[in-house]
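Following this line, the structures themselves.
Paired with chain B in one complex and with chain C in the other, chain A is shared by the two complexes that follow.
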Partner chain A sequence: MVAKMFKNVLTRRRLLGSGAAVAGSAAAAAILPKSAFAADKVVKIGFLAPLTGPVAAWGKPGLDGCLIWGEWINAAGGINIGGEAHAVEFVAYDNEYDPAKARTGATKLIREDGVKFIMMLGGDTWPGAQPVADRTGMLFSTLLPSDLSPDTTTLIAPCEVHPIYNVTGVEWLADNMPELKTAVMCAQDDALGLPSVATYLAAFEAAGIEMQDDPLLFDPATTDFAPVVTRLISGNPDIVCLDTCYADYVHPICEQLFQQGYGGQVISCTADFYQQIVAKTSEEFMEGFVFQFPDFDDPALNDESINFQMPNEFYAEYASRYGADQWGAVSWEYASIMDLWKAGAEKAGSAEPDAVLAAMKEGGSGLHAFGEADWWGKDLFGIDNALVGNWPIVVIEGGKATIKEFRSIPEWYAKHGELLKKHMSAYGQMWDQRT
Partner chain B sequence: MVELLAQTGLNALYAASYTALVAVGLVLIFGVMGVINFAHGELFMLGAYAIVAVYADWNLPYLVAVAVGMAFVGIVGLGMERAFFRPLRDNPLGGLVASIGFLMILQALASMGFGVRMEHVPPVTQDVIVISEKVRLPVFRLAVILAAVVLLASLWAFLTKTRFGWALRASAQDPEAAALQGISINQTARIAMFIGAALAGVAGALTAPLISVNPHMGHSVIVTAFIVIIVGGIGSLEGAVIVAVAYAFVHTFVTTFFDGVIADIVGLLLMLVVLIVKPTGLFGSTDRA
Partner chain C sequence: MPKLAALLGFGAILLALPHALSFSQQEILVFLTINVLLVASYRLLTLTGEWSLGHVVIMGVGAYASALLSKRLGIYVPAAMLLGAVTAAMIALALSFPLFRMKGFYFLIGSFAAGEIIRLLWKRFRDPFGGPKGLKKIDPMPDFDIGIYAFDFFEPVSYYYFALAVVGVSLWVMWRIERSPVGLTFHAVHWQDRLAEASGVNVRAYRTLAFVLASGFAGLSGALLAHYIGTINPNSFDVEQMVFVLTWTIVGGTATFYGPILGCVVLTILNEIVLREAGFEQMRPLIYGLILILSVLFMPKGLESLVRGAFSWRNARKKKAGETGAAG
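And now, the complex of A and B:
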């Protein structure tokens, strides 16, 4: 372990990564507009997400991405607020996906660190931080718009519209593989799993795909997924849907599907570290696996409609520092939220939460990572605080994630919104049903 | 339906195998030392990380990694006995509190040494015994089941056929009488702790390629192990094995035919019923209750 600890401190990859970081910063500095900032002009951003524990895969990679983003922005001259350049500094607090720790962390970040904006994963941890947001008026972001409600006007979901974007994957499957007629689904029984279950049920119903059985819910403490998989595939479904299972579940479930001889279609919200799933199963088994999160070296992200800055370079930098197999769903997301916050702060000429929020939402639209999008959600969340537009459908081909298409979430909702509301209501996930 | 029942039975056998290893180790430690080792799940976790280090990172043979993991965790157990449990022998809550503290230390060390993300352990073998289209037994799962049977049979032989085993059982039944017969309490405590920890370690090592290895993986295992030893009777090795098998079958079948959340509720309800009807557990004695 001592050797491994030492290895964690200084490895060849890290050494090379440091070189790449310097090169990346230099490249960013050359490309982005440059201005000088005084050493004391620093704007602090809070990062309040799970950095340890089973949900760390949706926190820690995001912080890693933010650190790259911050280095690039600072190297390029910082954030111009009110005519003065400010360096950006991230202050992280590990909430371990625990609401009580989220509350403590939010208070600490605001009172002790003086942050101007707090980024969260959300989900089970949002109820912990919500009283702090309501009391202080601090601007918070979540990756899960299912946290939104009119009760807290300073909570926004400017990047990920989980779980609503999952409808695009099902719609794409139905259009491209009309022979698939039946589906089953499993999910962990928590604040991430249940709204996603409702969304997939609506998407399957809209696509005319029949559910063979009720969604199979499992305890988040489950370690052996053989019984879950045995039940799932007992009726020979055309599609197995893994809902929004954490990476710790997606991997062993896929391995079990492989070992129990399932040969049908698999769809999932995420497939973090999918290279490891390929290694545990086979390239053939994973061929055609549909999910929603691209690798950012995908050429499709170089389209001019994409607003994420230098996606391929960002991916290369991330891969050189942490390894390509450590790229996950959230590696880019918090950084893309920072793009929006930076634009809002520069537009407002202020880092104060209310001014930035007003600037971000001005005109009712914004530049989402995957294209122009609208502030949306009143119908579903009671407030238009989710930035919603297009979302990619990603398919594993030859062992590599590939963007097949971008589809519009609002267009789907315009056609099938009532279905989504029906299933969200059935699972108690509408904003006015949540406690 | 027959195929579904058969596949579920095979799944249950695998779950019973590693649950029994963990529960028997926990019972052995309690039986001889009177300590409820809350860090037992983290010993399971250490065994799994031994596989990550020796098999996945250093590319040594899997069986070598299992042996290293078993020995390493056994030695950690010896260290726990000497550093915590022996000095706190006369303090009924001392050992329990110390084990909770050590649990957190082990989790922190694992996070520092390996990071917080789950570790990737390459499959040892992907071979599957195809019994029918719907009934399949992966060879590796079969190996885990057989290994558990061999280890538990070896433990039974050790306890019933060797002088060290007799000494352990004597200490478990009546420590004072055993000491009067010249049996070293320290020696039996060391042996019990080494074996108990090694069993948890080998369970973690055997299952590491099949589960998500992370610093917090011991939590769910220890909860199940506690249910098993409470229902089986704290201090009863036979009870731990029998109830581990029974619990694994009930939990697996309920998960398959209802869902995993209901299975957890059923497991806890069974524990509640047993505690009401027979507070010492199904195979427990009043001495240890």
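And now, the complex of A and C:
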């Protein structure tokens, strides 16, 4: 925190960063389609996510990414809504991953700030905001589609269909390393960990990889991971799966795996700030670590099927402002949601929530960051409000995250959907099992 | 008479207050009112000298009980709230048997362990507690109309009035308890427990009574919270929330009835309104921690010492003015 305070004073790095920002904005202005109107009107977007506390790693980097996205869009002439250019402005509220504060934040953003769309991390905080969404009809987005249910008609999961995409990493492992036969898994026992556990169990079963033991669920208050890791690797498994652990858990678990001499394969949903893990362990230990969130300087993201404006430049800008080691899973995700919202608002000619939602879902498909995708989810969530398509498999090579391949989530689901439903039901994660 | 006028004036301010606030500040006011009950109940417990780390979990017991009673058994929400409070008190009574074999620091750690066991039970038993995701769609307080005012309990102003009435009555009851012989005995148990015991006071029984009463009111505050936000989960009642209660209590001071309430009000306004509005949203934990350290260093008797100092100063001035007048 003190470091963050000092970041606010002018340093050489910040000065260089400012230069990069100007250059980035100029590049954006040159490359992005420019509106014919001056952006004298403003459309406000709410950002209601944890910016402090243990879950801040999945909120704060997303806000940082959105600020870059907003600057670039505004420099390129804003958002054209109904023939008029609108500058975009983000209004943030730190919900501290607390449902009561999510309710307060949603009220403030809608009734005081007049936002037209609210992005959330979701999870524990969505039920707090839901009554406000129901009353106001505000369009919300979540990164966690397990928030979706038939009642949540104004909630969409347009970017991250957590944790379903985790199946692609396991499938890739099985195809490329068929010698790996056994796995163990640990996860924090909470709303984020459990659906992910069910997904990985389905993926391992589909891939013919045997679970050596039941998933080891630890309390979210755990700080000492030595005994967790000792028990985890006691049967010398081929694969250690870290599920969707928070960054505060992934780092110490990796350190413990390294210190306790584990030499097998590690797979995880996220590896936020992985450079710090490499520094705490070794490049050799982290070689081959599989996860699901790419750095956006990856050349594979320059493919024409990718629907994210200038991903490499975006990453460079982010790294220059906040440091490459601050890049995380959500750094690009909220910005990617904004791409979809912008396209929806421009198509609808309106920023009103119902109009944008209808425009976004028109035809049943949309442009996801990683390619064309379908609005899907009735089977698992009771409503087709999740945008699902391809997802990347990322492997650390030489200390750097590298996209190995994109795989289709719907294709996996078409083959193994029943397995996923079986495990989701066993963990009480189907929409109709939620109390 | 001036006291009655001051009380009526204060009541009028409390009634008018939400209309002077923004929507989000009204929301904060609701949570603040609920937290006032929580922190006042915590002081009731500390009267006997015992500090617990499980008080927020006991609040959660009231929240879970009330939510389940209304959700599963269809019990009318206000009745479920009262039953939630009773459940919290009963759980506290059960816990008192092992916990009051301990004192001081050992009680503190024991209460933390007991609280964590309860939290783990909520997580482990998805039926009926909902596991880590907790309970959602908890029945709201049913709306009603009293002719001059239509209560729509989604709206923070309506819920604030309801919570204010519940908290007001609860505070009055706690105040009466503290001023009664029972309350005086609580103080005796705190400051002279051996002397009290030698005088025939059953120290353990009085500690248990304070624990059970405080837990009942904490449970009521949990029930108020659950039926307002409509969702609760085990993390809503974790040790981090307990640290907030401790901070309010320490910064406010525990020598007077109003000390912890003052701490809760001042720190909530600072944390939720002043720092957010001033653009220090992400630095709030740092500033909050700094305030706690500074207040312990420079104001060890809490904010209440400032109020008492102001009253002493005013009385001294009055006395001096009186003496001067008499001499003239």
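Convention: the second predicted complex is superposed on the first by the 422 of 435 C-alpha atoms of A that agree within 3 Å, B and C clash if a C-alpha of one lies under 4 Å from a C-alpha of the other, contacts with A are read in each partner's own complex, and residues count from 1 in each chain.
FYI, a residue touches a chain if its C-beta (ideal position, glycine included) is under 8 Å from a C-beta of that chain, and two chains touch if they have at least 3 such contacts.
All values derive from a computational prediction rather than experimental measurement.
For the composite obtained by overlaying on chain A, chain B and chain C cannot both be accommodated without a clash. Looking at the shared chain after the overlay, A:247 reaches chain B, while chain C stays out of its contact range.
In the superposition on chain A, contact is made by A:326 with chain B only, not with chain C. Of the two partner chains, chain C is the only one that A:190 touches; chain B does not reach it.
Once the two complexes are overlaid on the shared chain, A:363 sits clear of chain B and of chain C alike.
Contact with both chain B and chain C is seen for A:51 once the two complexes are overlaid on the shared chain. In the superposed pair of complexes, A:103 makes contact with chain C only, with no contact to chain B. Residue contacts after overlaying the shared chain place A:398 against neither chain B nor chain C. Once the two complexes are overlaid on the shared chain, A:219 sits against chain B and chain C alike.
When both complexes are overlaid on chain A, the residue A:208 reaches neither chain B nor chain C. Mapped onto the common chain A, chain C and chain B collide along 99-107, the only clashing stretch among 99-107, 207-215 or 315-323.
Where the contact sets of chain A with chain B and with chain C meet, they give residues 1, 4-5, 51-53, 60, 189, 219, 221. Residues 4, 7-8, 11-12, 14-15, 53, 57, 109, 111-118, 120, 122-123, 126, 128, 130, 133-134, 136, 138, 141, 207, 210-212, 214-217, 219-221, 223, 252-253, 255-257, 259-261, 263-264 of chain B touch chain A in their complex. Listed in rising order, the residues of chain A touching chain B in the complex are 1, 4-5, 8, 51-54, 56-57, 60, 189, 216-219, 221-224, 226-228, 230-231, 234, 247-249, 251-252, 255, 258-261, 273, 276, 279-280, 282, 325-326. Those residues of chain C whose C-beta lies close enough to touch chain A in the complex are 22-24, 27-28, 31, 120, 123, 126-128, 130-137, 140, 154, 156, 225, 229-233, 235-236, 238-239, 272, 276, 281-286. Those residues of chain A that touch chain C in the shared complex are 1-2, 4-5, 51-53, 60, 92-94, 97-100, 103-105, 107-108, 111-112, 124, 127-128, 130-131, 135, 189-191, 193-194, 219-221, 428, 434-435.
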